[in-house]
């Protein structure tokens, strides 16, 4: 069926030689951190010092959020069914969909689109919030079911401020928070999804990579949970769900 | 069905507060690299400077190996079927089984078991290789289908040597290579799986985490390939397989 | 986190008792075929004799299509990485996305929407094909890369004709084929995805279940391929991909 | 990398022609039920009338068990994260591991091994139970956490008895139940996993296909649950887990 040659611009391999985006693997291992190489492999170029700092903070921020997220529940459930670690981690990654981490993608897409327009961040934020309201849509990347102010966002913005990495997109993201809270009178903080969306957009990454950054950050956390399940729990323990109530057809007979 | 309370020692969460292994997330984001926090979340404690250096080199080493590994083929195939990025990455992670990355787990288990015994690395290597030979088993973590000397292993060992991080387990891993090559007369280099097995064992990680380290390292590479598939290829392109030959029953009739 | 009670209308369970949609499992096992029970569990009610006949033909039709579909490639690749049968089957199911089997969902959605309108099947087909053409869209469920006339569709329609199960939706699906071929002058047969879409729509199933029927039908085929991989092949055999060509950055140095 | 030709004995495809195990797809759709074709594709040959009857009962028996099994929890959790139906079903299939459905494989392996030995079913059961006890192992396929007598097993054995399909392996499976209950004084009924193991072994299927039969049977149930989640629930609802208790390190400072 297939005799085509694949084309790829990521890694070139031959006997004894591995080059990532043109750089020899030995040089890369000598000089770059893992976080740098994540940047390199996804962007094709090396980060500068500000980008390096933001990448580290961003990847650290979402490494785990305790046992509550659905990705951890799915990963532990699959492991508990008597499956290998990689299958459990895969189930966790599978869970990271449009409603769990997907806000990064959606938020980045909107930020990237609006940042191209004319206007100050405040002007754009006003127009954007009004536009979303008119369309009856919720702005993804704002609000959190547990945190009033997400400590990860606070720290990410603080670092960006200190090192002078607040370009138009990060400022737009903050201005949207202020506008959302001003117009709604409610607590609608930029959450960690929104902060990651702003930072990767500022770095020039395509919004399509939004979920990818969250997955890279969260996979070590999933592995920690699977390993804890492995070493502390029995298989097929009662992981859930809560008691269920059947509300289908009453008992009936086949005629 | 479930009214038990889960116990976890990884992350504690409450409104406005996230603590990883006891450390506040804001402090962790301020002071630690992503690679450090991978170490922290899996080990429960912080790495020292030698361990930090080895972690970075190790995670960088396996981030990608071009389009040839089966995990990349599975990830691109799932994406090409018209599925989201996370589903494609999950398929890649699913592929990382006993025959693809699993050698890390198996090699680490053997190294950890043998390093507890009395004897110099050379003595242990001789006994181990003889024992494997007698049992008719292959030592996992040695030999490579493409590389005669794996450039990733060479660099990892060079860094370990330079910073003085060659404890008994790493020395045992190298001694096994020498013994395998001496007794077989063939090229059987410590490959990158074996090198990772040796390094994580030296750091005191449980062999059960072997596949986990490979997954953490490889996930960004999988994402780069899925993104390349997304942005450079059409869905349902001919990804494979090669032409097939049917050798089942001849055409026959239902009576 | 969770103290809600789940609600479900599918199956009620208590000690010694299992009821599917109200029917006792023992009665169901006594009187119904597997295909009947697939209908029951998804619809909530029993099929009549015509529906029973169509269900069997439909589920049989797509059970396998040789090693060429991407779902088989993904399943075999995951198994070949040294993973259990269920992980390999899961990878196959993961592949069944918008571009591989997804046409059933999309085609059923369109058929269900248009069948509600006034007009004969021929009138509706003319309007629908004109509408798609104007919007620059391709009608999903028509055309096949291997078969000029899909033998599965031919047989499904023949059975429907013979038993008198050609309601408005099936007639619309056939009329669309005729209209597509008349207006394009090309071979654009109703393929098996389109035929399944028409049959499940005629039965009153929600288009959202389209991919589900394909998955039910194909899973035994995936298992047959994984089992063949297990019993006839070595792990990590060369499953693909074809030779690749690197077209990224030229070799360069880290400064 | 790959220029080999694949070999397969399952399905032969060419333009306008599909043959399953040598039989033309149109004939197969005309004459066989879905359950028959599951048998055909996995065995290579057609079932006789007794085997047809047992296949239907067996596939029906395990189609669903309410929301409690971990595979349903994983499938609903993945869907709830904002993912497509196929990804959710894949997560359900992923969960079906050694501790959830895996008893079929393990039980079938033991039954197939012991049925080859000389002796009546009762003699073999005594020897087998004594052997397991001496090795400190539990016999897989016996006992149930909800049902004292599994109604699915009772019905499957009743049908086997009525149609005269009780060969040596099914009799051995029943004799083991009697011996386990006699020697332990506890309720240890042949459960549905054990019953499926006995029936497929009697039919001559390899134990390696044990999990496969369970997956085929359960996939429609998983789809019914995912569809119910889709149409009755909001995404990211609280699916679990129960409240958690953190028992890791006390709050501490990075020095």
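Labels for the chains are A, B, C and D, by order of writing; each one numbers its residues from 1.
Simple rule for what comes next: a contact is a pair of C-beta atoms (placed from the backbone, for glycine too) under 8 Å apart; a residue touches a chain by one contact, two chains touch by 3 or more.
In this text the structure is predicted, and so the values were computed from the model without any measurement.
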Labels of chains that are neighbours to chain B and to chain C: A, D
Relative to chain C, chain with the most remote C-alpha centre: B
Interface numbering overlap (same over half, different under half) for chain A and chain C: same
Rounded Å distance between chain A and chain C, as computed from the means of their C-alpha atoms: 32
CA centroid of chain C to CA centroid of chain D, Å: 23
Sites on chain B at which at least two other chains make contact: 1-2, 4, 6-12, 24, 28, 30, 32, 66-68, 83-84, 86-87, 90-91, 94-98, 101, 239-244, 246
Parts of chain A lying in touch with chain B, wherever the complex brings them together: 1-2, 4, 6-18, 20, 24-26, 28-30, 32-35, 37-38, 41-42, 55-57, 59-61, 63-68, 84-87, 89-91, 93-98, 101, 146-149, 151-152, 154-156, 159, 206, 208-209, 211-212, 215-217, 219-221, 223-228, 230-232, 237-244
Residue ranges of chain B touching chain D (in the complex, touch as defined): 1-12, 19, 21-24, 27-28, 30-32, 44, 46, 68, 83-84, 86-87, 90, 94, 240-254
Contacting residues of chain B [partner chain C, same complex]: 66-68, 70-71, 73-74, 76-78, 80-83, 87, 90-91, 94-102, 235-236, 239-242, 244, 246
